[in-house]
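One chain, chain A, appears in both complexes that follow, with chain B as partner in the first and chain C in the second.
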Partner chain A sequence: MHIPDGYLSPQTCGVMYAASAPFWYMAARKLKKTLTSKTVPLLSIFSAFSFVIMMFNAPVPGGTTAHAIGGTLIAVLLGPWAAVMGVSAALFIQAIFFGDGGILAFGANAFNMAIVLPFVGYGVYYLIAGKADKESPRYWIGASIGAYVGINAAALCAAIEFGIQPLLFHTANGTPLYCPYGLSQAIPAMMLAHLLVAGVVEAVVTGGVLVFLKKSMPALLSDLRKEVHA
Partner chain B sequence: MKNLKYLWIGLAILAILSPIGLMASGDAWGEWGAEAFKKMLGFVPAGLAKFSGIWKAPLADYSVPGAGDAIGYILSAFVGILLVALATWLIGRALSNRERKDAKG
Partner chain C sequence: MASDFVVKTLDETTRAIEQSIFANRFARKDGFLQRLDPRFKLVGVLCLILLTGFSGNLKTLLFLYVLTLGFAIASKVPLGFFVKRVWIFIPIFSAMIVFPAIFNVITPGAPLWTLVTFSSSHTVGPFVIPKTLAITKQGVMGALILVMRVATSVSFAVLLIVTTEWIKVLKAMAVLKVPEVVILVLAMTYRYIHLFLRTVEAMLLAKKSRQVGDTNIKEAHGWIASRLGVLVGKSYNLSSEVHLAMLSRGWSDNPRLIEDFTVGYLDWFWVALTAGIIAVCFTLR
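Up next, the complex of A and B:
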């Protein structure tokens, strides 16, 4: 879901930077109030987890690939604003050092994966789990379903950004200038990959990590909940 | 929260296992290189050709010059984990609330 440079027009890239900027500003303000010396190292660890989990490409029918992102996991553990910052940082490092996702497209990629994904994921998690105790199955099941919905919401945003390019940006004779595939191709392709593959991986990774933490490090989860929701 | 050591070990294990992610063939949808459009469409869209090479990443595609695919991918995973952890730690430390830190000891 890392849109490379050249697929989106510079205008689209500008709009997407403008859309992401207020969320980065709010994240900084919120985290200033909520981050503590205890949660900062965990934010580092789970942001790095998001980075590395994105390297595990899974095959998608039709010859493409897709991967988990881990944004909802960070949102459930550390709050959605921490996820905005953590996933944005992972995407930034991917773009600068590894050429995964464009520099011009960074605003769009952050909007999809670091903003839409964790907020939708956290919202669905919260609807299902509410303030449920971490011992309740609603905790990890809610997080898994949230993760599934969140990554699919992000994929839909990316598909729309791709798909509007040939409509809006073409030469006088209709030749596309940027992404040549319209909504009718981008939406089915992106949604197939994420509804069938990446969403399932994201749900399993999210639920799996939470169950693992609950079983092997219960104190860490309890501390974290106190710390984050204090 | 003394168990963080185990979480770091977990990240290192994931980095070592990362070449599993190379087994799936093909690119993600919409992440093809500009040249691929010659085959798919017969031409490269002009704007795409213009902007696709705007940035040359030092470890492009998670590969390390001189290293094989799998080794390069593992090294990239370690480099990336360290860079992301460092970036978030620096931002987090700059932002984290001193008063609350002190109040909680």
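Up next, the complex of A and C:
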């Protein structure tokens, strides 16, 4: 889902930066408000964790593998605003230092994976789990369903960003200047892959990590949220 | 085989470690881009990436791409390394993605090469297969523009990162009004990514060296979830240790970056050069 530079017009990239900016501003304000010497390393290290999640290839039926993004997992562990900062930082470093995702397209990538994904994922999780105890199956089931819905919402946003390019940006003779696939092609292509493969991996990884933490390190789950909300 | 995920993840982890170690391998050479003030270089490269984004014809994109090769030579970055680093993965992957768009199923237009003529047109899902299936001029041109734009954008980004020490790239971001606390978080994130990559590599090697036979998908997912869970635990413990280390070194809640950048004549030449490149691209339109 990492969009490289060249697929989206600079105008679209500009709009996506503008759409992401209020979320970054709010997240930075919240971070500054609660900024303690402990918040900075916690966020930095969880940003690094977010980067590492995206490196894991999980096998899927058919012999191929898919990546998780982990936005909902971080939102459930640390809260959605911390996930915005954490996943954005990981995406930024991927774009600048590792060439995964473009620099102009960073606003779009962050909007999809660091804003839409954790907020939708966390919203669905909260609807299902509410204030359920960490021992309740609603906790990890809610997070898994949230992760599934979140990554699909992010994929839909990316598909729309791709799909509007040939409608808006082409030469007089019809040569597409950016992504050549229209909405009717980009949406089914992106959604099919995410509804059937990537969404399932995201849900399994998110639920699996929470079940593991609940069994092996139960105190950590409440400690993490307390640190961020302290 | 489900166990391939270990090899694939190991490959990606090793590639990322290699990139993070050698990202700035040419940063200390005495080349053109290395001599620039990182703030001027960052802003200039961002302008050139933006210019690449706005460029809608092949001639301009080829000019900009050749320019990146020129910058690589002037900065003592070996061309073989530079071309390989740029083209492997993203532009080649883009070429594969954009390939179907050269046909009139996706991009209608003037036929360059007619492949098949059916009795009538057909509709398959979101695609309408026209009566005459052909490769179109518009499709080929659109694909070439996209691939060249992707390659040129990646080239500028690679030039920035291989000729500048990573900490200087982050410090230079202050010129873009990025808050210092965000730069601090990014700098720490970059350090800990390296540490975590090493940890993940050790986990994967341990699994691979102990594994006999294949792993089924359920087991593989359980293993990945448990390793990521362990990483969450390690992250939390590490953040507590780093916090104590920061306090013991006199951390204040208002971080300040120490800048030691100096502006010279070469930086103003770079400004003029960037402006000149933009002007040339406008005349090529």
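As a working rule, the second predicted complex is superposed on the first by the 199 of 230 C-alpha atoms of A that agree within 3 Å, B and C clash if a C-alpha of one lies under 4 Å from a C-alpha of the other, contacts with A are read in each partner's own complex, and residues count from 1 in each chain.
In this text, a residue touches a chain if its C-beta (ideal position, glycine included) is under 8 Å from a C-beta of that chain, and two chains touch if they have at least 3 such contacts.
The shown structure was predicted, so the numbers you read here are calculated from the model rather than taken from an experiment.
Visitor: Looking at A:Ala193 after the superposition, I want to know if it touches chain B, chain C, both of them or none. Which is it: first, second, both, neither?
Guide: first
Visitor: Once chain A of both complexes is superposed, is A:Met1 in touch with chain B (first), chain C (second), both, or neither?
Guide: First partner only.
Visitor: Between chain B (first) and chain C (second), which does A:Gly174 come into contact with in this model arrangement: first, second, both, or neither?
Guide: After superposition on chain A, A:Gly174 lies in contact with chain C alone.
Visitor: Looking at A:Gly71, would you say it contacts chain B, chain C, both, or neither? Reply first, second, both or neither.
Guide: A:Gly71 contacts neither chain B nor chain C.
Visitor: Looking at the overlay, what does A:Lys38 touch: chain B (first), chain C (second), both, or neither?
Guide: both
Visitor: Counting only touches as set out at the top, which of chain B and chain C does A:Val211 meet: first, second, both, neither?
Guide: In the superposition, A:Val211 touches chain C alone.
Visitor: Which partner does A:Ser184 reach: the first (chain B), the second (chain C), both, or neither?
Guide: second
Visitor: Which chain A residues contact chain B in one complex and chain C in the other?
Guide: 4-7, 9-10, 28, 31-32, 35-38, 40-45, 47-49, 51-53, 55-60, 63, 65, 85, 89-90, 92-93, 95-99, 102-104, 169, 171, 175-181, 216-217, 220, 223-224
Visitor: For a test of understanding, state which residues of chain B touch chain A in their complex under the given definition.
Guide: Touch list, chain B to chain A: 1, 3-4, 6-8, 10-11, 14-15, 18, 20-31, 34, 37, 41, 43, 45-62, 73, 76-77, 79-89, 91-93, 95-97, 100-101, 104.
Visitor: What residues of chain A sit close enough to touch chain B in their complex?
Guide: By the definition above, chain A touches chain B via 1-7, 9-10, 28, 31-45, 47-53, 55-60, 63-67, 85-86, 89-90, 92-100, 102-104, 158, 162, 169, 171, 175-181, 186, 189-190, 193, 216-217, 219-220, 223-224.
Visitor: Per the contact definition, I'd like the list of chain C residues that touch chain A in the complex.
Guide: Where chain C meets chain A, its residues are 1-5, 8-9, 12-13, 16, 19-20, 23, 46, 49-50, 52-54, 56, 89-90, 94, 98, 101, 106-110, 125-127, 137-139, 141-143, 145-146, 149-150, 152-154, 157-158, 160-161, 166, 169, 179, 181-182, 184-186, 188-193, 195-197, 200, 217, 220-222, 224-229, 231-233, 235-236, 238-240, 242-243, 246-247, 251, 253, 255.
Visitor: Per the contact definition, I'd like the list of chain A residues that touch chain C in the complex.
Guide: 4-7, 9-10, 13, 28, 31-32, 35-38, 40-49, 51-53, 55-61, 63, 65, 70, 77, 85, 89-90, 92-93, 95-99, 102-104, 169, 171, 173-181, 184-185, 188, 204-205, 207-209, 211-213, 216-217, 220, 223-224
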